[in-house]
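Two complexes come next, and they have one chain in common, subunit A, joined by subunit B in the first and subunit C in the second.
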Partner chain A sequence: MSDQLTTTVEDQAVAQVTLVVPCLAEFVGVVRLAILGVANRISFTYDEVEDVRLAVGEACTHAIERCSEYRAYLTDRGQEQVEVSALKIVCTIDGSTLTVQVTDTIPVAEYVDVNSNSSLDGIDYQKLGTVLMEILVDHVGFEANSSGTTVTLVKTAGQAS
Partner chain B sequence: MNLTVDSRNTGEDVSLITLEGEIDVYTSIQLKQDIAVILESGAKYLVLNLSKVEYLDSTGLGVLIGTLKKLRENGGNLVIVGPAMRIMRIFEITGLYKIFAIYPTEEEAAAKEGISI
Partner chain C sequence: MISDSPQEKTTVGHLPETPERNAETLFRRFAATRDDRLRRQLVLMHHNLVRYLASKFVSRGEPLEDLVQVGTIGLINAIDRFDTERGIKFSTYATPTIVGEIRRYFRDKAWSLKVPRRLQELNLAASKAQEALSVKLGRAPTIREVAERISATEEETLEAIELGNAYDTVSLDSQMSSDSDPSATTLGEFIGAEDPALKNLEAYGDLAHAIEHLEPRERMIIVYRFFSDMSQADVANHLNISQMHVSRLQNQALKTLKRILSDQ
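On to the complex of A and B.
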């Protein structure tokens, strides 16, 4: 009998993966694919990996919808369209915990959500997205300021969300 | 991966829509438009076969809920068929399984809902 080959994830150093994509709907699939690879570095179960993938997708969707509304807001005000904003996704692997921060550059203080189109036939799917995130991961944090919004998602392997 | 939408009439006011791929913020706009066209043609019952759908997010759920509302207002219904376990879990954790008619197969949906598929 030998137990010398046993290793623990605590032995591994903290690792960080950063991804920057245009804040456009067609890039959410790219982010989900990358998250799949990152989440597989942790001893998550299949369901846990899928939970993280869906939660990060929801965080990106949240940013993309707001970005789209912000562009419409600028157009309504006759302001020149700025270049497509970037969406920054920072994944930190620390032992059996994955932290994903999704940051957009939409200025919250300037942008007033008066023309929100997030309500689809009376369904506010941004709210639905937030509910999903809260169910799927262990911790969800929102931080908004004049330079943008950061959604922080934390999930630890083996913990029921 | 994108989303493919294949639809056909299976009865006077019944349409079967088979979806394949991912329903997310990018593809749900297309899905909403395709469903609107089908509803305009007079369908009262929509059967959505989700057996080949690999991903469903809140925007996709929003399209499904909106469609369900419209159909029920006109005395019809939206029937969901064959979601994979992963997709079914999303209906379960959001509690939406309580408002949708969900069946494992088209045959079972046809029998229970009394529609031809």
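On to the complex of A and C.
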């Protein structure tokens, strides 16, 4: 798509949208809906918008699964149950590039994701989620530390990924 | 195939058959033999992977079965090309191929009507421009304004906006319901058709014109017989003539009408 046809972002500076939801499966839909609105600010094609939504959905699902594993892990050790942790989604629109960061609050230092290889039918769904994200957007980054994990997804309009 | 590591010799048959181990064995055998039955077995074995990946794309409005079908093509390609020696898991290897096939399907086929790529892009630009202009102007923009904004002619713009409807077609049998009438009606029932009575109206006009050319008595017979549905005997009584005479005059009048109407 030529620059000439890009109409919505020409007079906009960098814009940021932040969304915080409970780390629960039923809120993935809320996030997907919000992403639709944000992604529409950029000249994405219909399929590109859907790709971003799917990738963000995967990132959230990943965090939520780890969150429930973490709660189970704490219960096993007889530790106090954590409150439902929050999932923070930060969307940054910069020209025709959308960056979405999904951050959870599960401490990595304390709890290492030992179960990531577990699956019923020989399929490692968490690994697949990562592969899926890498297919759908232009760049995927992971950053984990003691305060949580951040998945960064970057997609630019009009780039085949 | 001669293997050089002792581990591999024990692989076949001796280790517990986990799904993964089983798949690996099959892949090795398939790589060596290219046996069609092994291939089929591998496809069935990994069908869950396709279903899982396809299910991620259902929200885009295509039936899951169709997505599974195109995804399976990707799976078959992946099975044919998979090389066990590279040391990566098959699911990791196959996922990009399967997803690629599904995405290609959306890109190329999912438009229910085939639309030129240039117009698809123009459609996108037009809808963005409409939105942006609505905000800027505080009202819905005119076609001319949208056209100016996207540097296209008005005609192209209209075409581009119109074709947005082509992405998704709707079944004539799809259910429509309204608050006042919860009983299901289908979309097809709302579609208008040409009223055949309209054509009759035209024919009536021609006929009225033709009747005026008849003799007064012939005209009366035609009107009584065909517009008042009277029998020949009734008409005969009415006009004080014999029924035979009515019949003759009627035939004569009809012949005249036919001639006039066919001349027109």
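As a working rule, the second predicted complex is superposed on the first by the 145 of 161 C-alpha atoms of A that agree within 3 Å, B and C clash if a C-alpha of one lies under 4 Å from a C-alpha of the other, contacts with A are read in each partner's own complex, and residues count from 1 in each chain.
Here, a residue touches a chain if its C-beta (ideal position, glycine included) is under 8 Å from a C-beta of that chain, and two chains touch if they have at least 3 such contacts.
All of these numbers come straight from a predicted model, not from anything done at the bench.
Contacts of A:Glu26 after superposition on the shared chain: subunit B is touched, whereas subunit C is not. When the two complexes are overlaid on their common chain A, residue A:Ser43 makes contact with subunit C while staying clear of subunit B. In the superposition on chain A, A:Ala13 makes contact with neither subunit B nor subunit C. Applying the stated contact rule after C-alpha superposition, one finds that A:Leu128 touches each of subunit B and subunit C. By the touch criterion defined above, A:Glu65 lies against subunit B but remains apart from subunit C after alignment on the C-alpha atoms of chain A. In the superposition on the C-alpha atoms of chain A, the part of subunit A touched by subunit B in one complex and by subunit C in the other spans residues 47, 50, 54, 57-58, 121-123, 125, 128, 131-132, 135-136.
Against subunit C, the residues of subunit A that register as touching in their complex are 1, 4-8, 43, 45-47, 50-51, 53-54, 57-58, 121-125, 127-128, 131-132, 135-136.
Those residues of subunit B that touch subunit A in the complex are listed here as 1, 22, 24-26, 29, 32, 55, 57-59, 61-63, 65-66, 69-70, 86, 89-90, 93-94. By the touch criterion stated above, subunit A contacts subunit B in their complex at residues 25-26, 28-29, 32, 47, 50, 54, 57-58, 60-61, 64-65, 120-123, 125-126, 128-129, 131-132, 135-136. Of all residues in subunit C, only 18-20, 23, 48-49, 52-53, 56-57, 59-60, 89, 91-92, 95-96, 99-100, 103, 106-107, 120-122, 124-125, 128-129, 131-132, 149-151, 167 touch subunit A in the complex they form.
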